[in-house]
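Structures given as structure tokens follow.
Common to both upcoming complexes is chain A, partnered first by chain B, then by chain C.
Up next, the complex of A and B:
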């Protein structure tokens, strides 16, 4: 355990140092990412205003809160993608990683966790600016803040597991981008990214319950901006943990088969 | 002595899709794919003793890197067995990985944007190297390779040779017992090649490590390896020392001598490879070496006559020219 703590600490430190080499690039990346929620925010606020100030229970101020928190959750959702798996196999980077007495999943989780620390620090001034412009209606309780803190990290782990699973398909096909695009389309609709899930038809909400998407996106936002009861918050964290455990088990099982298929094509 | 690396009929075959060029063949391939079975490594066997430095030679595509990848646990063999330090490499146990290293001349594991010192610290954590041991070994390697002024520069700002030195330091910090070196001097200038060769030799001497080295630079092989294993078309072609390799594969020998009179037609004796003033170097068929030497001594006024095996580059060229049918 002490060894893993040391590895995570060292890898996160390396990642933070690397990301601080390019603060401007990171900022531009985040500013680019903000365009999407700002469009959603403006559209839904306009709709709400035209419908007497509320749509689906959301006021313009609540939409602003939803989509400002959205920007942080979206940043926490950035993980090593299947494109990355394609790249690391073709470039031979995976071979070097496999030579270490450490599962590459640990390296990925630790590296991107370090990156998140930088992202959160860079996000704070952006969130402040968005707050001044869009005036969100956000009054979280202490329990909501604590749950949100855990929920964004759990969301990060869920998305790491799901995208790692898709990434592992590269061991069979080398090219996996088409599958990722399909995943991405489903995620857009079923996660709460396009629109809060509570505004979706009831059957979509029921359907979404069986997939990990909302636990990696919609739930963390709702935990801070929604009016969830303590029971709902704890149940949400429980669901997130269940998806993480399920993901870890699945990744480990598939890894055992995938590694036998590895042909080290890139070196 | 118990061998640290042992291969018994180790093989790796690939199913490679193949089709003719053109749209028609591409459309046909959608319904019926054709595959070719490529034997990258074809039932090779050898053993390596602790502390040996072995040159693993062969032309491009001979199966050298595939063999190294199987021995380091990156690839699962199709058949046969491999044992490294008593471990089955394909199982990739952490105890096994802690005792080996694989350095590939065209791959890197250091962070591009940071000084190598930061990446070395990550190696310390991954291999659980005690802090004191890590620091003394790191400083020792930095001193031997004379890179003290480079370790604080971002890796991206280093030259290819400087980067390679850093890669080697990083790859050896955990004091591996087995070194698989795949073209470690690829693309480096002569000085840098020599420095890295000296370091590998020093590491082998200090820590008694076993080294399996592939290189297309014969200077690497001559300087480091007493034993040579040659693989060609996936099959083992030769296992012995350098002089035996020359004896077996070279069809020529080299005769060098100094001539009093330079206006002599030497073509009747053999092929003149070079002349430097009065000094002449000739290449002659191996079986005629004695006869030609006698004739040179009898017919001409020669001094300082030496007979040597053909240069290693020529020998290797002869080996690599062996046709596939000849090794089946």
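Up next, the complex of A and C:
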């Protein structure tokens, strides 16, 4: 246990130092990401205003809160891309990390977790600016803030597991872009990224229940923005944990098969 | 005349090239389908709550989605691949090979790439547009047709100029990919009527990134909203942007010393 703790601490420290060197590139990336929620926010605020101030239980101020918190959750959702696995295999990067006496996934989790620390720091001024412009209606309680803190990190872990899983498909075939596109489209609709899930038709909400997407996106946002009871908040965290555990088990099983398919290239 | 012949030859090579990778056509069709499906779901969600968005009805916004898809196809087929290739060549110094050829450098770097399969988007966009116009019970009207095609052409021209300006910045600053990323985010704003955005965003979408002119103006032409003033404004902005792009490009070129090749 102590060994893992030390490894994670050093790897996170390294990635924090590395990413802190590129604040401008990080910022451009984050600003590019902001266009998407701002568009949704404007569209839905317009609809809410036309409908007398509320649509699907959201006022324009609550939409603003939802989509501003969205930007942080989206940043927490950025993990090693499934497209990257092909590159890793082709470039021989994987051979190198297989030599180390540690599951290669640990370095991904630690590296991106360290990066997240930088991202959160850079996000604060951005959130401040967005708050000034769009005037969100956000009054979280203490328990919501605490739950939110854990929820975004759990979201990060869920998405790491899901994207690693579909990244592992590259071990069998390299024609993966179609599959990934389908996956990302499903995620967009079922996660609460496009609109809060409560605005979706009931059958989509029921359908979304079978996927991890909303626990990596919609739930963290709503834990802070929505008026959830402490009971609902804890149940949400429980669902997140369940998906993380399920994801870890699945990744481990598939990894065992995938690695047999792997023949080293370069390195 | 020589220029047109040159562009035609590159187009032919580009198409022949694409025919080597026919499987990509199926991937492109799937991608177009996914983008279309998410666009339609977004529209459906909005119109399940309201009957109009800032004065635009559902069929009218379907027409906007059509124009958005057409323009996206034009950018993806003819503009973006050329500019991305240029960005890479400036960074690596291989632009020398293009500059030593006996043709206008700007023309040459603008016509070298053509992604035929991306035109699936253009085709799909026109199909959506026809469906939308049918729903609107649209009657053929000469001004609307002329306004639409001329606005589409000017819009594509403006987007090209915008890309060329951004790419020319690569002569001074190496990392411009992030700016390209920013463009993609802002381009998505064109899916909705430009009037719903707050003022500061509307102005940036009109003059900074000419999305408004590229998508909204052609859509306005089809929905009977286009005034002569707007059309003339679009023409003036096209000429202005083209001049600016040409100047910045020539300045950048003077600054280019060939990195390695």
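The working rule: the second predicted complex is superposed on the first by the 263 of 267 C-alpha atoms of A that agree within 3 Å, B and C clash if a C-alpha of one lies under 4 Å from a C-alpha of the other, contacts with A are read in each partner's own complex, and residues count from 1 in each chain.
Operating definition for what follows: a contact is a pair of C-beta atoms (placed from the backbone, for glycine too) under 8 Å apart; a residue touches a chain by one contact, two chains touch by 3 or more.
Note that this is a predicted model, so its numbers are computed, not measured.
**Q** Using the superposition on chain A, decide if chain B and chain C clash or fit.
**A** Result for chain B and chain C: fit.
**Q** A:100 contacts which: chain B (first), chain C (second), both, neither?
**A** First partner only, chain B.
**Q** Does the superposition put A:92 against chain B (first), chain C (second), both, or neither?
**A** first
**Q** So, does A:46 touch the first partner chain B, the second partner chain C, both, or neither?
**A** second
**Q** Just checking: does A:263 make contact with chain B only, chain C only, both, or neither of them? Give me first, second, both or neither.
**A** In the superposition, A:263 touches chain B alone.
**Q** Under the superposition described above, what is the C-alpha centre angle at chain A formed with chain B and chain C, rounded in steps of 10 degrees?
**A** Rounded to the nearest ten degrees, it is 90.
**Q** Check the residue A:117 against both partner chains and state whether it touches chain B (first), chain C (second), both, or neither.
**A** neither
**Q** After superposition on the shared chain, which partner residues are touched by A:185: those of chain B (first), chain C (second), both, or neither?
**A** second
**Q** Once you lay one complex on the other using chain A, what is the shortest C-alpha distance from chain B to chain C, in Å?
**A** Least C-alpha distance after superposition: 7 Å.
**Q** Under the definition above, what is the set of chain A residues touching chain C in their complex?
**A** These residues of chain A touch chain C: 25, 28-29, 31-36, 38-39, 42-44, 46-47, 50-51, 55-56, 133, 175, 177-178, 181-182, 185, 188-189, 194-195, 199-201.
**Q** For chain B, which residues count as touching chain A in their complex?
**A** Touching chain A from chain B are residues 14, 65, 69, 72-76, 92, 94-95, 97-98, 100-102, 104, 106-109, 111, 113-114, 118-119, 121-122, 124-128, 154.
**Q** What residues of chain A sit close enough to touch chain B in their complex?
**A** Within the complex, chain A contacts chain B at residues 3, 6-7, 9-11, 13-14, 17-18, 21-22, 92-93, 95-102, 259-260, 262-264, 267.
**Q** Which of the residues in chain C come into contact with chain A in the complex?
**A** For chain C paired with chain A, touching residues are 23, 26-27, 30-31, 34, 37-38, 41-42, 45-46, 48-50, 52-54, 175, 178-179, 181-182, 184-186, 188-189, 191-192, 196-198, 201.
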